[in-house]
Amino acid sequence: MSEEMSEGGVVKKFMYVNRKAPYGTIYALESLEVVLIAAAFDQDVSLAFIDDGVYQIAKGQDTKNIGVKNFSSTYRALDDYDINKLYVQKESMEARGLTDKDFLVPVEVKTAAELSALMEQQDVLLSF
Amino acid sequence: MSEEMSEGGVVKKFMYVNRKAPYGTIYALESLEVVLIAAAFDQDVSLAFIDDGVYQIAKGQDTKNIGVKNFSSTYRALDDYDINKLYVQKESMEARGLTDKDFLVPVEVKTAAELSALMEQQDVLLSF
Amino acid sequence: MKFGILINEGPYTHQASDTAYQFVKAALAKGHQIQRVFFYNDGVNNATKLTDPPQDDRNIVNRWAELAEEHKLDLVVCVAAALRRGIREDNLATGFRISGLGQLVESGIQADRLVTFGD
Amino acid sequence: MKFGILINEGPYTHQASDTAYQFVKAALAKGHQIQRVFFYNDGVNNATKLTDPPQDDRNIVNRWAELAEEHKLDLVVCVAAALRRGIREDNLATGFRISGLGQLVESGIQADRLVTFGD
Amino acid sequence: MLHIVNKSPFERNSLESCLKHATKGSAILLIEDGIYAALKGTQATAKLQEAMKDCTVYVLQPDVDARGMQGRVLEGVKPVDYAGFVDLTASHNAVQSWL
Amino acid sequence: MLHIVNKSPFERNSLESCLKHATKGSAILLIEDGIYAALKGTQATAKLQEAMKDCTVYVLQPDVDARGMQGRVLEGVKPVDYAGFVDLTASHNAVQSWL
């Protein structure tokens, strides 16, 4: 990222809070589209997957038979954009019977308390 | 209602199932708009208020300060259209600390079991 | 059997229109009749001819229009809901028509089953 | 203080646009600046000039346009979200402009607070 | 009667409300985000298992696949495709969508 | 931090999720259908009272009035108008909307 692209050198902490399942609604996809654009702005970006948001990054998504575009592989591209702070909320993951092996990208599992502490440090929270 | 307006004399049982609070979303209002039109079709119409739907008919609604149209008085007009089977689900009402005195129209309070039995008798269920 | 279909949400934002489309295709393939597809609430937004989704995604509006063409489906957009949301003859896609809410009640009367897809 | 506003739902269907409007009016009355109002997801549907709501109800689109005129507000509609949903220059209401998602991120950077209104 | 639920049991009260009103012998079809209720080993599993004593539960397999939940569906829940969805609506006298 | 909840606690998990993530000393503002969480004598009341030990809870009065819930707001929940809503966002360093 070039220095010029950041607004006068201001670097803010942006957290994208993802709480909804994919495909039933478009929020997961359109949140991801913001994240990809945000990558060009040289800010401190992280993604939190909470509640049904943890389903967004579940392995094995195959949308062929619902006739909707599968966008799950895009999460794998985030690392190429230097976006690698992906947090999964532990309690949400466990309530759904999932483990960190069920995700298609490497994530850090954080308890609600740990995630809350991170949220408190943010300048901007975007939730869809 | 004229005989001609019914489709060859077919009378079906229509139940409108209202489960959402007013104003936060438009579903309560647009459900009511269907009910008013339905009145002209000479069918057997009933309305069920379940879950947050019971809030649709709460007394004392005053929308002046949110700048949104108050449509609650329209429920009072239903009787003029011969629509008078209004059921409130008891458990939903009680969970919200409401009694049948809190509603702006006369209703019959039915338990979930009683309402289920009524639902089973319907030909058409419309839920918004 | 005659099916009436009610769609209450707009394209892309909710899966309702996608699921309804797959349901209608499957019903037609089985030889059932689709008495009418009625678009209400935000469902009216399925009828705008101005959408231009990404190339690699489905085109929901065109998909309905093509299915309607092929099977002579009656795609009806509620006029009151449409006026609130900016759908008029000006931007109405081929294959859809605008009419009153009575068409939905009629669907309930004439169809053997009315199936609702929404949020 | 400079506020950025994000609206994710369309007019009438959800209260989001109403609440955001009341918030913006109150902020302006207190002498705050509105850096930008960004319309995303179904929020882009607030920008169609074709709505014609009942006479006895508020006109959400016009209300935004008038507030923008009076206070020189920057009302930005996301181009990608708009194309999916059928909002283009053809049906864009006065006072709105179509631009990229970068404008939302910029809002997050430039505004002191970004407040989101949605479903 | 056929009951259709399209919402996640973790996010909304639709399934719970459906189960309160589904009489013995009813059919329940889980579609879209509703399929998350059909899975093994979640906090919603017990609720569905309880319901399966009185009702027959179906799940729309294309929605299960889309969400990567293949192989996680609870035993006894019957998978259907869109054609099966059509058959279910045809074979029950009325349909209620718990939106 | 200011947390905003606009959904009914009976319909969705937004309030519950907010409460899990609001740290001690946070402010919570209930707006739109979220105001139903601020009421006395409901099945959601206890949950909010518990939260009020650690957080300050505000409710948007215009939304309370719109829904006819005047006089039902729990003691200790602070009513604000839109101007008060603006003040709350200004006086906290960041805002999270639990949509």
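Just a few scattered comments:
Order of writing sets the labels: A, B, C, D, E and F. Residues in every chain begin at 1.
Quick note on the criterion: contacts are C-beta pairs under 8 Å (C-beta built on N, C-alpha and C of every residue); 3 or more make two chains touch, one makes a residue touch a chain.
In this text, all values refer to a predicted model and were calculated from it rather than measured experimentally.
Chains that touch both subunit B and subunit C are the following: D, E. Shared contact partners of subunit A and subunit F comprise D, E.
Shared numbers divided by all numbers used gives the overlap of an interface; between subunit C and subunit D this overlap exceeds half, so the copies present the same residues.
Among the remaining chains, the Cα-based centre furthest from that of subunit E is the centre of D. When each chain is reduced to the average of its Cα atoms, A sits farthest from subunit B. Looking at B-F and B-E side by side, the one with more C-beta contacts is B-F. The mean-CA centres of subunit C and subunit F are about 38 angstrom from one another, to the nearest whole unit.
Note: centroid distance subunit B to subunit D, computed from Cα atoms, is 33 Å.
As a whole-number value, the distance joining the C-alpha centres of subunit A and subunit D reads 25 Å. Taking each chain's centre as the average of its CA atoms, subunit C and subunit D sit 28 Å apart. For subunit E, residues touching at least two other chains, in rising order: 6, 10-11, 13, 32-33, 62, 81, 94-95, 97, 99. Shared interface positions of subunit A, i.e. residues touching 2 or more other chains, are given as 23-26, 51, 66, 68, 123-125, 127-128. Residue positions 8, 12-13, 15, 19, 22, 41, 54, 80, 114, 116, 118-119 of subunit C are each in touch with at least two other chains.
According to the touch criterion at the top of this document, the contacting chain pairs are A-C, A-D, A-E, A-F, B-C, B-D, B-E, B-F, C-D, C-E, D-F, E-F. On the subunit E side of its complex with subunit C, the touching residues are 4, 6, 31-33, 62, 81-83, 85-87, 89-90, 94-95, 97, 99. Against subunit A, in their complex, subunit C makes its touches with residues 12-15, 18-19, 21-22, 54, 56-58, 119.
Across the complex, subunit F meets subunit B through its residues 6-8, 10-11, 32-33, 36, 39-43, 45, 61-63, 65-70, 72, 81.
Against subunit F, in their complex, subunit B makes its touches with residues 20-25, 51-52, 55, 58-66, 68, 70, 72, 95-97. The touching residues of subunit B, counted against subunit E in their complex, run 17, 19, 27, 50-51, 91, 112, 115-117, 119-120, 122-125, 127-128.
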